[in-house]
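Chain IDs A, B, C, D, E and F follow the sequence of writing; residue 1 opens each chain.
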Amino acid sequence: MSRRYEDLTGPEILDRVTPSTTLLLPIGAVEQHGPHLPLAVDHVIAHESATAVVDACGEELDIWQLPTLSVSKSNEHAWSPGTLWYSADTMMSILRDLGRGIASTGVERLVLLNGHGGNTTLLNTALRELRLEFGLKTFLVHPSLPPAYGGSSTADELGMGIHGGLNETSVFMHLRPDLVDLSKAERKVPEALAENEFVKFGGSVMFGWLSNDFDADGYIGDPTGANADLGKRLFDANVEHLAAQMAEIVTFDFGR
Amino acid sequence: MSRRYEDLTGPEILDRVTPSTTLLLPIGAVEQHGPHLPLAVDHVIAHESATAVVDACGEELDIWQLPTLSVSKSNEHAWSPGTLWYSADTMMSILRDLGRGIASTGVERLVLLNGHGGNTTLLNTALRELRLEFGLKTFLVHPSLPPAYGGSSTADELGMGIHGGLNETSVFMHLRPDLVDLSKAERKVPEALAENEFVKFGGSVMFGWLSNDFDADGYIGDPTGANADLGKRLFDANVEHLAAQMAEIVTFDFGR
Amino acid sequence: MSRRYEDLTGPEILDRVTPSTTLLLPIGAVEQHGPHLPLAVDHVIAHESATAVVDACGEELDIWQLPTLSVSKSNEHAWSPGTLWYSADTMMSILRDLGRGIASTGVERLVLLNGHGGNTTLLNTALRELRLEFGLKTFLVHPSLPPAYGGSSTADELGMGIHGGLNETSVFMHLRPDLVDLSKAERKVPEALAENEFVKFGGSVMFGWLSNDFDADGYIGDPTGANADLGKRLFDANVEHLAAQMAEIVTFDFGR
Amino acid sequence: MSRRYEDLTGPEILDRVTPSTTLLLPIGAVEQHGPHLPLAVDHVIAHESATAVVDACGEELDIWQLPTLSVSKSNEHAWSPGTLWYSADTMMSILRDLGRGIASTGVERLVLLNGHGGNTTLLNTALRELRLEFGLKTFLVHPSLPPAYGGSSTADELGMGIHGGLNETSVFMHLRPDLVDLSKAERKVPEALAENEFVKFGGSVMFGWLSNDFDADGYIGDPTGANADLGKRLFDANVEHLAAQMAEIVTFDFGR
Amino acid sequence: MSRRYEDLTGPEILDRVTPSTTLLLPIGAVEQHGPHLPLAVDHVIAHESATAVVDACGEELDIWQLPTLSVSKSNEHAWSPGTLWYSADTMMSILRDLGRGIASTGVERLVLLNGHGGNTTLLNTALRELRLEFGLKTFLVHPSLPPAYGGSSTADELGMGIHGGLNETSVFMHLRPDLVDLSKAERKVPEALAENEFVKFGGSVMFGWLSNDFDADGYIGDPTGANADLGKRLFDANVEHLAAQMAEIVTFDFGR
Amino acid sequence: MSRRYEDLTGPEILDRVTPSTTLLLPIGAVEQHGPHLPLAVDHVIAHESATAVVDACGEELDIWQLPTLSVSKSNEHAWSPGTLWYSADTMMSILRDLGRGIASTGVERLVLLNGHGGNTTLLNTALRELRLEFGLKTFLVHPSLPPAYGGSSTADELGMGIHGGLNETSVFMHLRPDLVDLSKAERKVPEALAENEFVKFGGSVMFGWLSNDFDADGYIGDPTGANADLGKRLFDANVEHLAAQMAEIVTFDFGR
């Protein structure tokens, strides 16, 4: 049976979306990912991950899947013609408006499944805004499987395969092989950055960056070894991980 | 070959999206449509119409299809729990942000294909905003075929089958028969309104209304006779009409 | 007796402006109208039309006339030095603020009498905003008499006498003959546009335009044959039409 | 000859509104003024004062009169049903939009003639905003003649005839005698306030107040002795004073 | 004992900040003050004045001192690299947000002690906004002692020692002698301005100005004779004056 | 010598604040921290940490210290009377305005030293906004020393001493011993939360929370064992850590 929110009628909403329900909002992006990947990468991964998770445990956990938000805050790629992006203000307004509509159902839990790293901090901020303004319990999850859960190591990328790199390219090859052209991919790892102790991706000093700050081609990582098999393993493991996260989310109540 | 904008890579955008290209943005809605139709109606119709048009003439006319905007300004249904809606401000910000990204490609023409009547006036306003701010030539088309182009008559609905009525229900039955439950549909035609000379749908006096101003169930029209055959005829004729409109749009230059 | 809202005292408002009252807000513009007409055209026509209607039936229908809003959203003329214009955001804020003040009286009906076509879609959007936010019944009327009600044919202008053309110039000559200089007027009809099937004024494809998109002089129509006699006939017929519209508005209740 | 800005055509603007021109914007209000005066008071006084000044010296000083802004920031009367008021944000947006349009003419000087005291601080703030944003030389004048320039003493009102008091009522009786009903006026002077050394109207401590903070009837002063003769003397003296101010303004250049 | 608001704990707020309490918010600025004074001038003077007043009478009058707002609306110095300034919108948002937090304590009186003249009109506007929105009784005081209260005459500066002039420089020399370099100071008095009858500082015509409108060095007055002794006398007299103002404020109730 | 930005004069800014300079903005908060700590905690720690770092290496690394922002986004404590907080919009506007002023100096690097965890995600978002809008290289550091750099273990708090817990209380006792009352402190550790695998502080699922979601007293951790000695060790180690971070920041250039 469909667990798509938009497939319900108005009157059904009141019956099916209840305080024990959890709503899942996939958030994608339409932004440059280098010459080997299409703009759609984050959108496809967020949408397919959400769909797979809801297929796996939506019925059991009473999850309903909201329509995927295609475009989001991709302004680190504003320099790249064709990238579509909402400003921070627009993005927050979208989330606030959706939160208000969602809260009108009486549902208590909303999960954002975010496929675009550039949104993470804004969405994290929004979690509190929506909790304060509408009383929703709000959560943020990501489709990228951390190494601890079986993801392939990215040591070769010096931990910097963050945009169009090995894992992302592989997962996308699994999902939409027709849209990948590895022949155009090169290794784009800002080696000097790895030597930093503090100011680096995941370092203790956060820093503002645009995707062409490191290299004019605008992707970061080494996709040259990407393959669909790795992508499938990563995707499946990740969906399993998301399902485990969702199982914990649906009963979460602040330890009370 | 795909004519989906988001399937292009960043570098391809510059090659494929040129001044002679036209971009097509489908705009849906996620809003109550009575007890017989799901929230998705406008989203599905906008998306499927756009896809069919691009399939029919996208290659010939050099049209690229943007990702469908699922949610839009549905505040006439704000009273109905579960309807998702962007405020007028949010909606205008979305269009402005998209316009800026689209204009960065060098494209000259943007067409909004709007599936939700509640957006029409705001989108029409936005046409000028985007023209002034970004220099884009902007257009607004609708998937509902007017009677003059072969659509079935709605005289029985007194011309008021405007939300969940005969034609819309039929088209949706053609596209997603599994999601329609006609057994719940009734005739909801505000007969007294038809007696007005000026203040009525399509009358010379425009008026502000919410979808529960006429009837608590929130749909307007008579879907009881809807059927997929009618829906198919309407949909096909409409796609043909949209294709004719697009053919004129792609060379439009203000009569200069 | 005066039916000007602003001539009432604070305490009188509560006595005279009641749920059975209708408030009428004329909306003008201060924008270029070519070399033969002053910036004031839309302001004068909106104001005089409103005054004439209220003189004709204000007492009978319990209408009070609000102060005319002189400036409005004329950004299609932003290229023309001296045109004053409010942005869409400012204009919506003005309407929202006025709506809040108006609703504080307990009145139920507000009619916008709009003299500037560039406002129409935004005002139509505002009708719903004000209905939703303040519970007002809201209406939008226009002073230009449609052909169906006795207006002179504009076939010679190919239906495109939309800004500074025959009818508008004639009406203005009737109202303020001293401010018209027909010797400067020429025929400015974008003939090629009339050949379009869809993308044209009143066509099924709406399009974004600025007033200098067609011709650098920024007016559209053929005012060369304008005269005050025609203007008087148009104005009188239009006031009569507006009065008929108002008579229907003051009892309108959504067909309930 | 008319010195109304809106009576010019678009092409005339470029000829007549030049760097040596000064534009004058009258700003009124539509707000309660007690039971003896209509909502229109500030609007009428601002408009008539501006008109008289321009009649007196507009030709000589090259002043053009902009359309009067009827409604403004009257939120100290928000408690009074029927008062129309723009929020501080809306009011600033209006001024910014007008400033942009005005600056497009190439004019260098803009004078705000403010009839409503509740606007004064916001308009004063706006003077700098418009100077910084558009390079305009900006000025703010008021129609109420200060005692130092021959205005009648308001000692009997303890200097607190600030809203609907003796002078304002008298001036309005001169301009629109039909709209004043002195039989409803009482003395409304907050005597205790006058005993304050610092916190009072014109004292060294500014304070936030609403017009019903002092008395539920919402006017402040003693209009009981008002008369049209006094009003005429005040009005004429004030116009003379405004003309003298304008004469200085039109050559003002920061003492450079 | 400390009378700093931020030294209270959350639970203590409810005990110590009551309806009989007055909160005092010092407001500074970080803006150019010529070559002889640092950016900090207004911040230091506002902070030190507030501290001295609260030391003098905080306990007696039940005043609590809020943290000093360092930066404010200094856009008259936007031309000067390094000046930090909030836009009018940002400044109003800050005040609104602070007002909401302050009102949540149940306190009734808020006093703004403003060290930067460029804020005065905006803060005066904010007094009413905060009164209307949160019900607070709001007040605005300044640390500069007016001549009437014993301040030194600035006749030599023709009344125009308004930014970095004799008095301000002297007070600052008293407070932070190490940060003043009088050797760089010159007389910067726009003499021609003093000849104006209306358009001048404190004249009946308010005008918009930026600090480099008069002289490229951006200060206005004659600091050459400044000295710490004068500064001490001015500062002490001013604190005494502020204390007298506060004594009146804490019982002010609109003369009711 | 002072390294306070606001102690410079306008002309000095151009000499001293150059492309090789780094500006440091401490960001505090004024918010409830339980019954044992004052509202000032985050403000004091941010300010003192920044001051100590600049004392230690400001001269060597060419760092100038901006005035501490006292109040910030503390809306997780909006329920607690007296907490002052800026909305996300206000906070972003403040940062944007400061960024514009800072960029006007020609400086290239701006570091935010954030003392309030509730700001972290918004500030992280702002890093990119300021980089994109003003071209600044932007960084975010925190004064809380991570365990890996010698911080005391908080295993006893199950890793949840996040607001008013052992470390924060100890550091504050070192800095302002007079303002701490440990007798009012209790252990407030949401033990059940620690059993979660994903949804917990630092877990892979981020979640929206208000500080009274866990316990009505609004602090989280176990401050009962706090002491100034531990506080001094933590503070000193942290300053050392911040200095090391700054040393890397001042030459950071994206690995180019």
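Rule of thumb we're sticking to: a contact is a pair of C-beta atoms (placed from the backbone, for glycine too) under 8 Å apart; a residue touches a chain by one contact, two chains touch by 3 or more.
Values in this document were obtained by computation on a predicted structure and should not be read as measured data.
Asks: Using the touch definition up top, find the fewest steps from chain A to chain D.
Replies: 3
Asks: Fewest touch steps from chain B to chain E?
Replies: Contact-graph shortest path, chain B to chain E, evaluates to 3.
Asks: From the options D-E, B-C or C-D, choose the one that repeats interface E-F, i.e. more than half of its residue-numbered contact pairs are shared.
Replies: Checking each pair in D-E, B-C or C-D, only one repeats E-F, namely C-D.
Asks: If you average the CA atoms of chain A and of chain B, how far apart do the two points sit, in angstrom?
Replies: 29
Asks: Nearest whole angstrom, what separates the Cα centre of chain B from the Cα centre of chain F?
Replies: Roughly 49 Å separates the two chain centres.
Asks: Can you list the residues of chain B that touch 2 or more other chains?
Replies: 89
Asks: Thinking of each chain as a vertex joined to the chains it touches, would you call that graph a line, ring, star, complete, or other?
Replies: Per interface graph, the chains form a ring.
Asks: What does chain C use to touch chain D in their complex?
Replies: Residue positions touching the partner: 4-11, 13-14, 17, 30, 32-40, 43, 66-71, 77, 80-87, 89-90, 93-94, 96-98, 101-102, 104-106, 179, 181, 184, 218.
Asks: Please output the residues of chain A touching chain F within their complex, sorted ascending.
Replies: It comes out as residues 75-76, 78, 88-89, 92, 118, 121-122, 124-132, 136-142, 146, 190-194, 196-199, 204-210, 213-214, 244-245, 248-249, 252, 254-256.
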